[in-house]
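Next come two complexes, and both contain subunit A; in the first it sits with subunit B, in the second with subunit C.
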Partner chain A sequence: MTVLILTGEEDVTADMVVAHLNASSVPVVRLDPADLTAGAALSGEYVHGTFRGHLSSGERLVSVEAIRAVWVRRPGVPAARAAQPSAWLTQETAQALYGMLRDCGARWMNDPDAARRARYKPWQLRLAQRCGLPVPATLITTFPQAAREFAERFPDLVVKPVSGAHPQEPPRAVPTSRVAPGTDFAAVAYGPTLLQRRIAKRADVRLTAVGGTLLAARKETAADADPDQVDVRFAPPGAPWRPAEVPRAVARSVHAYLRRARLAYGAFDFAEDADGTWWFLECNQSGQFGFVEVDTGQPIARTIAEWLAGTARPGTPVAES
Partner chain B sequence: MTVLILTGEEDVTADMVVAHLNASSVPVVRLDPADLTAGAALSGEYVHGTFRGHLSSGERLVSVEAIRAVWVRRPGVPAARAAQPSAWLTQETAQALYGMLRDCGARWMNDPDAARRARYKPWQLRLAQRCGLPVPATLITTFPQAAREFAERFPDLVVKPVSGAHPQEPPRAVPTSRVAPGTDFAAVAYGPTLLQRRIAKRADVRLTAVGGTLLAARKETAADADPDQVDVRFAPPGAPWRPAEVPRAVARSVHAYLRRARLAYGAFDFAEDADGTWWFLECNQSGQFGFVEVDTGQPIARTIAEWLAGTARPGTPVAES
Partner chain C sequence: MQPFALNYARPAVEREAATPYVYDAGLQLNVLLDGRIAAFDHALLRELGTTTSTAGSKTHFDD
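Moving on, here comes the complex of A and B:
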């Protein structure tokens, strides 16, 4: 009956959740895969049709069978802090750790295979459409002619990366930018480009889903905001995040999205337009929530702790859509 | 109604399957993700709740909705042959291509998420146990003391990598080796080590599963074989592969394994002992089959072509175990 948290040493967000788990006397083991073979250890035995596994981290030794839930927060690269790190050692260690934990019977936030799939933006857009969420018209293309035709149909566009952060060291977020009128799309031929109809937004919405619990926050766009500043992550602070009601139809769609994606946690970003419609932008399966909790006072960390401990209220029952 | 094959230009195994598809007049598009943005192109549009996608490769243009099956053979690194390759371009291209193809409605051999999970050896061992396949006693550990105790219980051991090939350029297979008596296991502390009871084998068995069709081949161990030579990939040629009957219980377990792993293709390696028991060693979801087809004359390529074309006989119905 233990919660395993895979994350690095310095992770104040994890600390918030651990505090709640400690308050409820739920045993927690915190393990950074980077510490494996130097500070952390593992063992798994497959004999006569059965499996017995152990993990040790710091002073704690836990049986794999006793792990009730695994929270994949911000795990380090396996064996990165070993005495003699190497690509080979990382591969072997990743295989041993994640191979042993997969299907160990624990609940995952999030299951690593579901998490990996959930990162594909084109897949997100299609799933959001299927779940009934409004998705701004989007084109992902390497055909300049397709980009030109799309820009004729939707003259007010933004461009954003298809994937997440730029893989430099440390990774860098690439801002969403407005496409200037009359842009020549010839360069599209050299790399897939994601163009999306710009939503003239009156607010950004962050909906944090934890199991069946949805906690939404809304940040109003300033009346004098620069319309070229489309990416809230790079905008001046402005209004704080405030708790928001989740419209019924959105809630139904979000529950369907999580179920089909097999995600226990998701941070959904929407742009709210002048009509009040929430336009789906993306769902980050490992999105930060600390800044929302600080601004709104919403009990996100506590809800995560309850989910991990298995004491969360059951998810809102939603008909299959 | 098209079969999409993701592979490189030089792939004689794919050629064998393509020949069968051509003979049945099934349209085939062959695309190497490495060619994207230079020779290959993609486009996907998400408008008003619907998706329309296209891929072009060489002279062929195919609608994503028309793809009936995707065969992930040996795809190159996305955009590796672009005019200006980079880690960023590879990431963007991988996201665009695989994000668009995921859940496009086609059948996959193999689904990329299932394929990824299927590579975890510890997960394979546990799944094989659960499906009722005999698994030689195995230990994966970084605890030297656990290794010593295991070697006392099972004195005749082999050691093999937890993961697959060594990630050098080009990747190199790491042979399974016999553990010498009296080995000191102190070094286990520095990297996860996989120890497995050696099966005194009278034959190697390769079982190729294509959908519901199981084709097994057997290669007898020479009477004068060196018992230290445990890895068939590195042994002298010896006897050829011969077709073999699949024992009923093994067939049932293999069908269960594929179903739970969500795999349409798997190359299972077994060691046959003196009692005729097939001991599960591993299941390679992208294992080669050309050498077996050459030796045995078994119609593996044709069976794959039939599966991709959707004309294969349905899988043997097997009760859920």
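Moving on, here comes the complex of A and C:
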């Protein structure tokens, strides 16, 4: 039984998992959908009430029925590297590949439908609330007046993209940024704007959930840190990530979140305040984990490999396709 | 007419350094020039930042 990993060649984080699977003699096929139809190929036959499918990548060939788990890690755009790429060919290829895989009986990390839904940040906030996680007061609006009133109620705010995506053409980054007092909110009318009460944090927390295993890491905020430097991704390196205990109440809520979201993997970001409360910021259903493992030595890659191989410890919740 | 959030945008920083490893299709892993598996070299990964939570990815924003 084979583990299928959908990702690009340059994904060295996936390598960390592949190495563990290799060490356990678990067959792996690594396929980038971008390589269909140049370097990768597929075929599926629906005859006499049965299905037989095959995928190939490089020199490897696997029957679809032999796939025990699919890890949707960093797949390229289907057929992006085809001889004559086009939007139509991408759509055709996506339909063929994912349509064929959807009912193959494998476990997914993560199920594509669940993953698509889980990317909606507003949906994440509501689910986190329902699961009992503290969520900073948040407003998403195109009404400038609503933004002004929110700023009166919560004077210390940050703004961040609703989608988490960053604009291209030209490529720009939109870090979570502090909103200065007296800011003019008129431009809120030109696009949905996410405003959130700033948490005066003493640490950032990244909690990586793999099946039923929770691995948390904490990065302390320097005492002299600039309070305008909100987004840890854009901050100077500072303190390393260190392993952290997950408070029992948070663990309960995170398990509930994963169950309701039907996610086998999630990377949760929290801001820890001076009281030690972990405020939910977001859950990235395919969030990076390599940098945490590199700093903390936590066995995240091994845990993912074990989940994919089906050798995770008993009782681990599993998201079936 | 620019959306409010874009008032806080900054130019994306492109990674300039070439990665010192190449993909080995046989192993299905990236290997260093001396043949070692790149993923085992944590010091290198830390230095390159290739496993970090990055912002501004064109194709993936689940970081």
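Note that the second predicted complex is superposed on the first by the 307 of 321 C-alpha atoms of A that agree within 3 Å, B and C clash if a C-alpha of one lies under 4 Å from a C-alpha of the other, contacts with A are read in each partner's own complex, and residues count from 1 in each chain.
Just so we're on the same page, a residue touches a chain if its C-beta (ideal position, glycine included) is under 8 Å from a C-beta of that chain, and two chains touch if they have at least 3 such contacts.
Treat the numbers as computed from the prediction; the structure is a model and nothing was measured.
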Contacts of A:120 with subunit B and subunit C, given as first, second, both or neither: first
Subunit B versus subunit C as contact partner of A:191, first or second or both or neither: both
Which superposed partner A:76 touches (first subunit B, second subunit C, both, neither): second
Which superposed partner A:102 touches (first subunit B, second subunit C, both, neither): first
Partner chain(s) touched by A:166 [first = subunit B, second = subunit C, both, neither]: both
Partner chain in contact with A:242 - subunit B first, subunit C second, else both or neither: neither
Residues of subunit A contacting subunit B in one complex and subunit C in the other: 119, 161-163, 166-167, 190-192, 194
Contact set on subunit B toward subunit A in their complex: 36-37, 41-51, 54, 79, 82-84, 87-89, 91-100, 102-103, 113, 116-117, 119-127, 129, 135, 137-143, 146, 150, 161-163, 166-167, 189-192, 194
Residues of subunit C defined as touching subunit A within the complex: 1-14, 19, 21, 23, 25-30, 37-40, 42, 45-46, 49-63
Subunit C-touching residues of subunit A, taken from the complex the two chains share: 9-10, 12-13, 15-16, 18-19, 22, 28-30, 58-59, 74, 76-77, 119, 147, 159-168, 170-175, 177, 185, 187-188, 190-194, 206, 231, 233-234, 267, 284-291, 293-295
